[in-house]
Amino acid sequence: MPLLEVRNLIKRFGGLTAVNKFNYELEKGTIASIIGPNGAGKTTLFNMLTGVYVPEEGKVEFNGNSLIGRRPDQITFLGIARTFQNIRLFNNMTVVENVLVGMHARLRVSIVHALLKTKRFQEQEQRAKIESVRLLDYVGLGGRGDELARNLPYGDQRRLEIARALAAEPRLLLLDEPTAGMNPQETADATRLIRRVRDELGITILLIEHDMRLVMEISDWVTVLDYGEKIAEGKPEEVRRNLRVIEAYLGKGVASSLTPEANSPRPEVETGFTPPDQAAAPTQNDGQER
Amino acid sequence: MQTETVAPTRAVSRGIFSSQMLRTLFAPLGQLAIWTVGTAVVLSLVVLLLALIFRTSSSGVDRFTLVLSILPQVIVDSMVLGFVYAMIALGYTMVYGVLEFINFAHSEIFMIGAVVGAEVLISLSEAKALENFNPLLLILLIIAAGMAVSGLVAVVVERVAYRPLRNAPRLVPLISAIGVSFFLQDLVRMLESIWRNAFYRTYPDVPSFSQRISFGDTLDVSYKSIIVVVAAIVMLLALNYLVGATKIGKSIRAVAQNRATASLMGIDVDRAIALTFLVGGALGGAAGVLYGLRFSTINPYTGFIPGIKAFTAAVLGGIGNITGAMLGGIVLGFLETFGASYLSIFTEGAFGAEYKDILAFGILIIVLIFRPKGLLGEVVGERA
Amino acid sequence: MVNRHSISMPFSGGKAPPWARLVGIILYIAITFGLAYSLEDILPRAAEIPLTLFESLAFLAFLGSAMILYYQPIPKVAKLILGILVLLLLMPALGLRNGYYLEVATQVGIFAALALGLNIVVGFAGLLDLGYVAFYAVGAYLWAFFGSTQAGLVLTSIKDFFPLGGEWFFLFLCLGVIVGGLAGILLGLPVLRLRGDYLAIVTLGFGEVIRVMVNNLDKPLNLTNGPQGISPIQRPPLFFMPLLQALGFDLEPRQIYPIYFYLLVILIALIVIFFTRRLDDSPIGRAWIAIREDELAAQAMGVPLVRTKLTAFAAGASFAGAMGVLFAAKQIFINPESFTLMQSIGVLAMVILGGMGSIPGVILGAILVTTLNLQILKALSDWLNAMRQAGTVLNLGFIQYAMKNLPVQLEPAKYERMVFGIVLVLMMIFRPEGVLPASRRKLEITANRETPPEAVSATPPVTGGGE
Amino acid sequence: MKGKRRIALLALALLLGLLVAACGPAPAAAPPAAATPKAAEPTKAPAAAAPSQKGTIKVVSVSPLSGAQSALGEQIKLGAQLAVEKFKKPIEDLGYTVVFEPQDDQASPDVGVAVAKKLVADADVVFVDGHLNSGVAIPSSEVYKDADLAMVSPANTNPKITDRNYANVSRIVGRDDVQGPAGAQFAINELKAKTVYIIHDKTAYGQGVAEFFRKEAEKLGAKVLGFEGTEEKANFDPIINPIKAANPDVVYFGGIYDQGGVLLKQMRDKQVKSIFIGPDGLDSSEIVKIAGPAVVGAYYTTVAGPPSAYPDAADFAKEFKSKYSKDVESFGMYGYDVMRIGLVAIESAIKANGGNKPTRKQVSSAVRAVKDFKGITGTINFNSKGDPTVAKYFVLKFDKAEYPGSVVKTLDVAAP
């Protein structure tokens, strides 16, 4: 049985169908990617998987539980954690606190225990704090726990987001453009980290990414979305050669002039579509995510 | 922001007198008429039905005749109040449409209009100049004065207290707006106190406004009521034209749609926002003058309750939607006047007009919970 | 880390050794206390000298000593002793000298507790609640109803039970917490799904609804006695009277009550501070702040939105409920006029001025706004008035202004709203984080690893460091 | 960080400021009053000329000086001020400086109590002339009671004020449980009203007097068609419509002129022809300004008769006018009489105390001991509760749009 099973998922915004009849299966232990041009419905898909949007139709099963109609926090509790396309840290909290919030679903807390500071409460807090520090070490943020999240450099913020998501002890980790805006060195580090998370922690990973090099390098399975529909799916090298995919990215004319045998996506492909996504992000992220 | 439902964007290019144009301008009028009549009919039927069911009160009064005897008057009063609310609500809705921000100080902009109108009238009356004035001119003069000052204050407030906060988290400009609201109340009070040594102002009697048209015993419409309704309708049409068919309106709508894109298209965003405040503020000021004219006394704290109610009206109609704000105002005016007029008749005094003000809050809460879109608006819930 | 304690002392540089700081703070306390106590005798009486204004400022400075004390890196024992000295000895002493000081201090305590409650809602959870005073009203009317003959008018069959005796007050103090919390949940349930700015307006509406209801519920059933208000309301009993007499203090109840209420308020305020700090340093507190920072992300991290917001609402409301009970007992008389929007805005101004989410900031906000309202503005008014009556002529060198011509309407005490308004706007534009911004707590576990031992030792171990 | 340092600096600055203020003889005011034309001011001159040997005695007025009711409160304050200026001489001759401090209670119980606590804390304050609103006076007087501070009210008509039997709380005006019924008797017996409709303003005062009116009206056999409260200040449409439907003989409004005037005006605008009656809250020239011609034909009852009703009051009215360029209204006269009683009582208390500063308790009992005081509002004696033994009640009618109305009926009623 797959870890995640999506059947016939549909989401509309007014007249626009953002995701149309999407079917998907994800096996435990894979690193899978979803790619597609801007507005293809990738983030919408993530938002449906995490309960931010309720799909019009279709079903989503995770580990045998239906996710439809569940709130985001309940889905996190079931074992799906995520990061965001435009980093959404708790900026005015410290780095450790960010991770501690990530553990929220797992901490059994009652106001009374907190007020009376019972032994159980103290032990739990202590354990949580030790674990947070360990997680920060794991993602390479050791020793920066008391800084405010907003003061971290960009790459570290991405890492912190991953640490925060890991704190929920998920079985499935959804990463929304984990290397967007990173320099090559940072991207390489992030790639390593993602792989380690799968290999060492056994967490299944589903990521949205525009950096084709990363996608091709890391993924076991790649799915391509365009206009809300799945247009291709397969191992990275299969997808790379798929004509529809190239069309979707570059338009028909360009696609036909390219040979399917091109070794790797050309640099224009990588950079050509990342910037607009980032450019609008800070002010218009709301609209962007729809 | 749904202004495009009010007016198709291409209207301008078709020339002023095209049928498309006319439809754009007057469609809301039809909608307004339908809603006004509809609300009046529905509410009248409800109270009459209730009166028939619970016909005799414990003291033997026939509720049906009682209800019927004041019904025409209640409907007229409802309309007057509704149009005042509608005009204030436009200010909230326009600013919300453009900035997604509740301009809490709009109620004070309204109040300032009322105060300015009163001062102009009082000065004229003190100068014994009232009699010499053509009544129509007088009306235009005080409304214009109220609009000018209110619009200006709104622009200044935006420049000083909101613009620096435009990219701050949502609550920051709201708190600033609350501060502005309180500041303006006391500022007006201080100025009036220094100048007039009193801050409760009464609109002097203008004989030509005080006339009435009587329809038998049951209905009695004062000129003032007619002035309020007519002026409000004219304003609403003018606004509709401004937003729907002029370049200014276009820039406002563009900024409402997407600030960043509008700015890339060469629209001066700051100017468009300032214009929004100017227009909304001017309408608020006009509403203030009409309110003062109709209800006669005003003070620096007059604005607060009508302001909250007009905000309710804007939400009721679907905030961000200009036609919605008008309809919301009308509906709220009807609900409030009907509720307050008839509650005590039906509850035999146990509950009465004293609950008038919280009726609006009750409606606000119910609308927000059950139909956050309002009558014709966008979803109000948290965006993801 | 080190910065955190580098607040400079009034009498020494930023890096003064602890003993110098200790001496400094003691001097400060002594001087401000001395001034507040004896300005009356020192200053000559003349219309031109604003005696009460100076007194108010001296008193404000004295009240501030508790804040300054809090920030001093001096031994904890010394802090504690000085704190007790200031709050429990010097303040009542001032109160005996001038009862109004004690009244102001009591009000500061009440408002500090209220502001701390609102701080949970606004500061921590980021939910703008403009109807906070409704919960205060609920608490006040709870005790007013049962602690007076009012309940007897409704529960006629058992009317001999009412008014309940003063000893019930303490039970009702706890009930106030519960009822306030329940009211918070009831209000919160329907509205907490709304976006922030709508929430603000709806809570404002709720505040008004509660006030109007209280004002009107004298019919059909007389629950609140409407605008007439309820009085007299029972006060807590002076159970320690025999002890005082045994100790040789022969005081009348009316001399004791102000001090008694002051001590009660201080006690409750301390409990509130204590609880707020504990909540702040718990998963619940972190969840509140996470929601404030980013609702979506918080939810994605497993924070249940509505429940977490409800706890914030309930916690804030429960503080207000308890303070309401105390307020009713202290005032003896309550009516709906005490629970207007202005009160809510006043408390909000305290939170914003001091710093949203910052516990010491909020307390400072309460001190500043309350003294401003109760003392400084009034003192300014009195001063202007005195000069007006005495026919003083201000000599500004080039211009002479006869105070007599100053319009009566221009009295500072009347412009409370303006002051609140200016505070809110200016703070939002220039310092939205408040005068004493919240600083996030450092965690001892990381602190141990990462910071020099000297800084760690300055951190009280129990609470994990100052705010 | 910066914030904390700033706070510290602020504290330092404040402290230094205080020290300077404490040492140096203060500020930028030019004290020599003699150098200015205002030297003739009676308040200033004696204080400057003969600094008292025995200390200061403060008398205060507390009334709303801001807000809707400031027109009434201002009258109390000015009346009291005039009384102090004219009659402080005997006390100053005994060696004390008399200081008058007008206080503003903003018509709010919270502010009233805060002001009361402030007054109580000032040991020099021995006499309070106030308040205007019963809703403020009741909680505030609890504070005065704890300090035995004498309060005599120039305006509070709520029965509860004196029914608590506080030795320090008195009034020189009548009671709502007389005024309300007096209004009802007048409406039903004189105006032959069969049906009444009652509106009140949802304040302690307005609702209180309205309820006494209702009780009496019902007792006298009139039919009460409605009894409604409202906090509305402007839009009375929904209140007037049911009145119009009920068409009562009399509309009684329990409340203050700022609402009453508007209600009256809008009622007449809507052709409601019922007779309009109200209590002393309408007793202000403002109502004429607000309602304009609509005021004609309206009645009000008051405990404070117009200056024309009191023979001694004419001179006073003239003096008041010349001094404050404002016409005196009834509360000005009561404020004046109360302060005179206070000064008389203080003087006798000083004398009884062998020329020493009297305690507050002594002043309080001296107030009650005042016998046959000839005020401009009548001769005043207090009963054991603190009510005047006999109080006058007036019914006035606006014959034209001019304040005050003319007296149509005068009643002398003993306190219940």
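By written order: A, B, C and D. Residues from 1 in each chain.
One rule holds in what follows: a residue touches a chain if its C-beta (ideal position, glycine included) is under 8 Å from a C-beta of that chain, and two chains touch if they have at least 3 such contacts.
As the structure is a computational prediction, the values presented were derived from the model and not from experiment.
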| item | value |
| --- | --- |
| Most centrally placed chain - per-chain CA mean versus overall CA mean | C |
| Most distant chain from chain C, judged by the mean position of its C-alpha atoms | A |
| For chain C paired with chain D, centre-to-centre distance based on mean C-alpha positions, whole Å | 33 |
| Centre-of-Cα separation between chain B and chain A, whole angstrom | 47 |
| Length of the line joining the C-alpha centres of chain A and chain D, rounded to whole Å | 72 |
| Distance from the mean Cα position of chain C to that of chain A, given in whole angstrom | 45 |
| Residues of chain C whose C-beta touches two or more other chains | 212, 215-216, 296, 408-409, 414 |
| Residues within chain B bordering two or more other chains | 349, 354, 357, 383-384 |
| Sites on chain D at which at least two other chains make contact | 202, 229, 231 |
| Residues of chain B defined as touching chain D within the complex | 66-67, 69-70, 73-74, 77, 80-81, 198, 200, 202, 204-205, 210, 212, 214, 220, 222, 291, 295-299, 302, 336-337, 339-342, 344-345, 349, 352-354, 356-357 |
| Of all residues in chain B, those that touch chain C in their complex | 101-102, 161, 164-165, 168, 170-176, 178-187, 189-190, 193-194, 197, 199, 308, 311, 315, 349-351, 354-355, 357-358, 360-362, 364-365, 368-369, 372, 380-384 |
| Contact set on chain C toward chain A in their complex | 1, 275, 278-279, 282-287, 289-290, 293-294, 296-305, 311, 315, 438, 440-443, 445-447, 449-451 |
| Touching residues on chain D, where the partner in the complex is chain B | 68, 71, 202, 226-239, 241-242, 244-246, 258, 261-262, 265-266, 269-271, 286, 289-290, 292-293 |
| Complex contact set, residues of chain C against chain B | 126, 128, 130, 190-191, 193-198, 200-202, 204-206, 208-209, 212-213, 215-216, 219-220, 295-296, 345, 348, 352, 407-410, 414-418, 420-426, 428-429, 432 |
